[in-house]
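What follows is a single structure, written as structure tokens, with notes after it.
Chain naming follows the written order as A, B, C and D, and within any one chain the residues start at number 1.
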Amino acid sequence: MARVIVDVMLKPEILDPQGQAIARALPRLGFSSVADVRQGKRFELELPGPATEETLAEARKIAETLLANTVIEDFHLHIEEDA
Amino acid sequence: MTLDSVKRALQSPDERMPFAELGMKEDEYQRVKEILGRRPTGSELAIYSVMWSEHCSYKSSKVHLRQFATKAPASEALLVGMGENAGVVDIGDGWAATFKIESHNHPSYVEPHQGAATGVGGIVRDIMSMGARPIAVMDSLRFGGLDQHDTRRVLPGVVEGISHYGNCLGLPNIGGEVVFDPCYIGNPLVNALCVGLLRKDQIKLATAPGPGNKVVLFGARTGADGIGGASVLASATFEDESQAKRPAVQVGDPFMEKLLIECCLELYQADVVVGIQDLGAAGVSCATTELAAKGTGGMAVDLNLVPLRDPTLRPEEILMSESQERMMAVVTPEDIAAFMAICEKWDVPATVIGEVTDSGRLTMTWDGEVIVDIPPGTAADEGPVYQRPFHEPAGQAALNTHVELARPDDLRATLLQLLGSANLSSREWVTSQYDRYVRGNTVLAQPADAGVLRISESMPGADETTRGIALATDGNGRYAKLDPYAGAQLALAEAYRNVAVTGATPLAVTNCLNFGSPEDPEVMWQFAEAVRGLADACKTLGVPVTGGNVSFYNQTGAAAIHPTPVVGVLGVIEDVARRVPSGFTAANLRVVLLGD
Amino acid sequence: MMRVGVVTFPGTLDDQDAARAVRLAGAEAVPLWHADHDLRGVDAVFLPGGFSYGDYLRCGAISRFAPLMEELIPAAKAGLPVLGTCNGFQILCEAHLLPGALTRNAGLHYLCRDQGIRVENNATAWTGQFDQGQEILLPIKHGEGRYVADAATLAELERAGRVVFRYTGGNPNGSLNDIAGICNEAGNVVGLMPHPEHAVEELTGAPSVDGRGFFTSILKKLVTA
Amino acid sequence: MARVIVDVMLKPEILDPQGQAIARALPRLGFSSVADVRQGKRFELELPGPATEETLAEARKIAETLLANTVIEDFHLHIEEDA
């Protein structure tokens, strides 16, 4: 069993109202040390068998075509060990 | 892990069973043993404990609720009364409406978003199970003070949950209430109402007749939702304290429910359903026992066939799981292929898990061994009934002493204070999060006193009728606290007026009775008085109660919420185009005050 | 009679409203099913709102891969008139028939209200019966309607007059340039967040019948084409 | 500048309708090798200065009280180097 993690974040130039709302709430809650917050998505894909070149390539394709909207989002992909 | 089969139960008659952990009293447990002539298996105990819970058996409220039937006014409109999933009312021209209000209070405190969302999901399935298309929802909400800290967590979560689930189902939200009072701080009330439409000759009932007919479980797979208590049963030994409690929070999937709605309607259209029941709080336990009890009386189920989201679930847990978005249908063998094809079209998983029998017993197997063998009626209908003691609260008279209020010096300041108060402020923050337009039949919604829906385009084949229905919910815990008898009547009177002012004739009543602990005689007095008041008022106004829900134990420690009977009234308007909106529509009209 | 297809995905909600609006305008509403590779010979297509596939992942992300979309995408590129409202607009963007994307409302809440919008381009297939600059009232009801696109795309949309609708009287969701709706280069594909199908009758829906213009526009266009 | 990443996922026993909807869609899109999908959230917190014991403790507290709903979600926190 291999687990591929796909992190999807809004591109830096796209407004992230959720992250901003959190950043604005923090000082009110007494947390003063955070300069900025961004919120994105994390997907965990379970692939049967070990992570091979091919499964990784497939995961990348899934991320590109479905999990991320590359018009507004960037994604990053890695394998999680000892899943 | 040893499987607690019937065979094993016979061999180990003295094994300690964790009935108390499951909320069952000693004498109730003894009754189960009497019924079965042996100790129950873990699975049987799961079934009885949940079916005999306050929530499912109405054991504390039953003796009072009977007045709704005994005092019920004669009504030609009533097609299905109390006792089914929801009442059904004749609205004319061959059409019927079914409606009911139900609480999801405690889950909404634990996890506001999911609790409220699954509250909407549950009541919508009740309406579907009558054979109807759900056409609108309403919600009646009570929160702690707006300035109390926890309200900031509960209020947005609840509203978002209702908004997300209802909007996702494509059901317009046509009204409701939001009230703030510090008494609800640890016990918010989330009462959701759903109304559905059906042809009056196509009512479906929760019944499993016809030996040989198939029992189909369809919708979401079963997971560990809401089975905190059941994990005691599933642990290796019942003493096993280390067994981590499984989660109690149920998570809703409105997308699956939307598919279920469309799937059910197509199943009804194809006429391939003999009986149907939604899976609510008591899940598979409730659906199997109730269907069997109201049908031929017997059912044989192979629990291994229940599709699981979590493959480690034990049979006791499967029986008690509260996973959402599931339904159970009884289908003839000839229709099963057609049934499955429709489910497949809508991507709704469906599995035959058993069969109707004429044995008079509900039996269930697991890994080939019999783990349940009970007369289903004993779980579904013959639960305990309590005559709980009640007496007037000590301070009741003092609450009602007349106080002379001083006339405020500064009327302007008083007015501003009123306008700025939480309970009089605009509700738009809430209502703007609800879709009131979807389905295109909303004639009146917020800010109208009652929601009004057009019938003609709500279902295929209804084009001829000019009729509409109107619905309102009301309740005032402060009135009810001062005088529960009159308070319940005022709630009815208000909802009745709100329906009437749209031009509709009130026809039927549903109610959700939110109270503290029935084991407190003072709370029980409030309850008894409220029910008596509501039943009397229904008789006077000539509208029958068609169903409802009781929510007890809304209290933190010794402090109960205000008694809060919430009343929903449904009315019919013959020509919906003639509904009367509120507000002044033109200049130079006369303003008349009616009543005194 | 002109035939306008109305698409139903799992989770589509406004399909019956859309069909009604088409019928009220005097055309035939033809149901199109997401799983069919078949446009049934319709003259135009309406992608109605809802929460297709629960709007899980991203609004419209899963729907755009439906078999029906495999037929619709080339047909739209070849000139078939297509209108997407709300979730339909989101699907059109995900399918790259329209540029940009719709993201979470700046206010972070789902918002249902009657909203003023201005018709900025009355030369599209769906807006011919409006006056240029006409202000109309339509309901909006969405949680993810904030239109975003990169600066170059935005500039091109503005330059080419492809911003078809702009919010007036307050931007409800933080859309860039107050954009409520846009079209493709040819003007046959239009997407907008507001709901014309909920503003076609006096009795129900929003206090406006401005939505009728969309349907009379397309019928006029089809008849004269 | 330190960047703390907070990954928030639904607890394994809690229904994840989003992940399920994606998993069901994949085979239809021709991706057959994925056994399961779970969807969660990823937060990026920017902290001025280096990541010290205290900032990490504060980030943990933020995750616990604001970013994750610990009734139904688990969270996991790590520092991203070379942010």
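We adopt the following convention: contacts are C-beta pairs under 8 Å (C-beta built on N, C-alpha and C of every residue); 3 or more make two chains touch, one makes a residue touch a chain.
Keep in mind the model is a prediction, meaning the values are calculated, not measured.
Student: More contacting C-beta pairs: B-C or A-C?
Tutor: Higher C-beta contact count between the two pairs: B-C.
Student: Quick one: chain A and chain D, Cα centre-to-centre, how many Å?
Tutor: Computed from C-alpha means, the inter-chain centre distance equals 8 Å.
Student: Whole-Å distance, chain A centre to chain C centre, using C-alpha means?
Tutor: 30
Student: As a quick test, compute the distance in whole Å between the mean CA positions of chain A and chain B.
Tutor: 39
Student: Go ahead and note the Å separation of the Cα centroids belonging to chain B and chain C.
Tutor: 37
Student: Hey, what residues on chain B touch two or more of the other chains?
Tutor: Those would be 253, 255-256, 347.
Student: Using the touch rule from the top of the page, what residues of chain C touch 2 or more other chains?
Tutor: Residues 53-54, 56-57, 62, 65 of chain C touch two or more partner chains.
Student: Using the touch definition from the top, which residues of chain D touch two or more other chains?
Tutor: As it turns out, chain D has residues touching two or more other chains at 17, 21-22, 25, 29, 39.
Student: Looking at the whole structure, which two-chain pairs count as touching?
Tutor: The list of touching pairs comes to A-C, A-D, B-C, B-D, C-D.
Student: Enumerate the contact residues on chain D facing chain C in the complex.
Tutor: Residues in contact with chain C: 17-18, 21-22, 25, 28-29, 39.
Student: Mind listing the chain B positions that touch chain D in their complex?
Tutor: 110-111, 114, 220, 223-225, 246-247, 249, 251-253, 255-256, 309-310, 323-324, 347
Student: Which residues of chain C touch chain D once you look at their complex with the stated criterion?
Tutor: 53-54, 56-57, 62, 65
Student: Could you pull out which chain C residues touch chain B in their complex?
Tutor: 10-11, 13-14, 16-17, 20, 50-51, 53-56, 109-113, 139, 141, 195, 197-198, 201, 203-206
Student: So in the complex, the part of chain D that touches chain A is made up of which residues?
Tutor: Answer in residue numbers: 1, 7-9, 19, 22, 25-26, 29, 31, 33-48, 54-55, 58-59, 61-62, 65-67.
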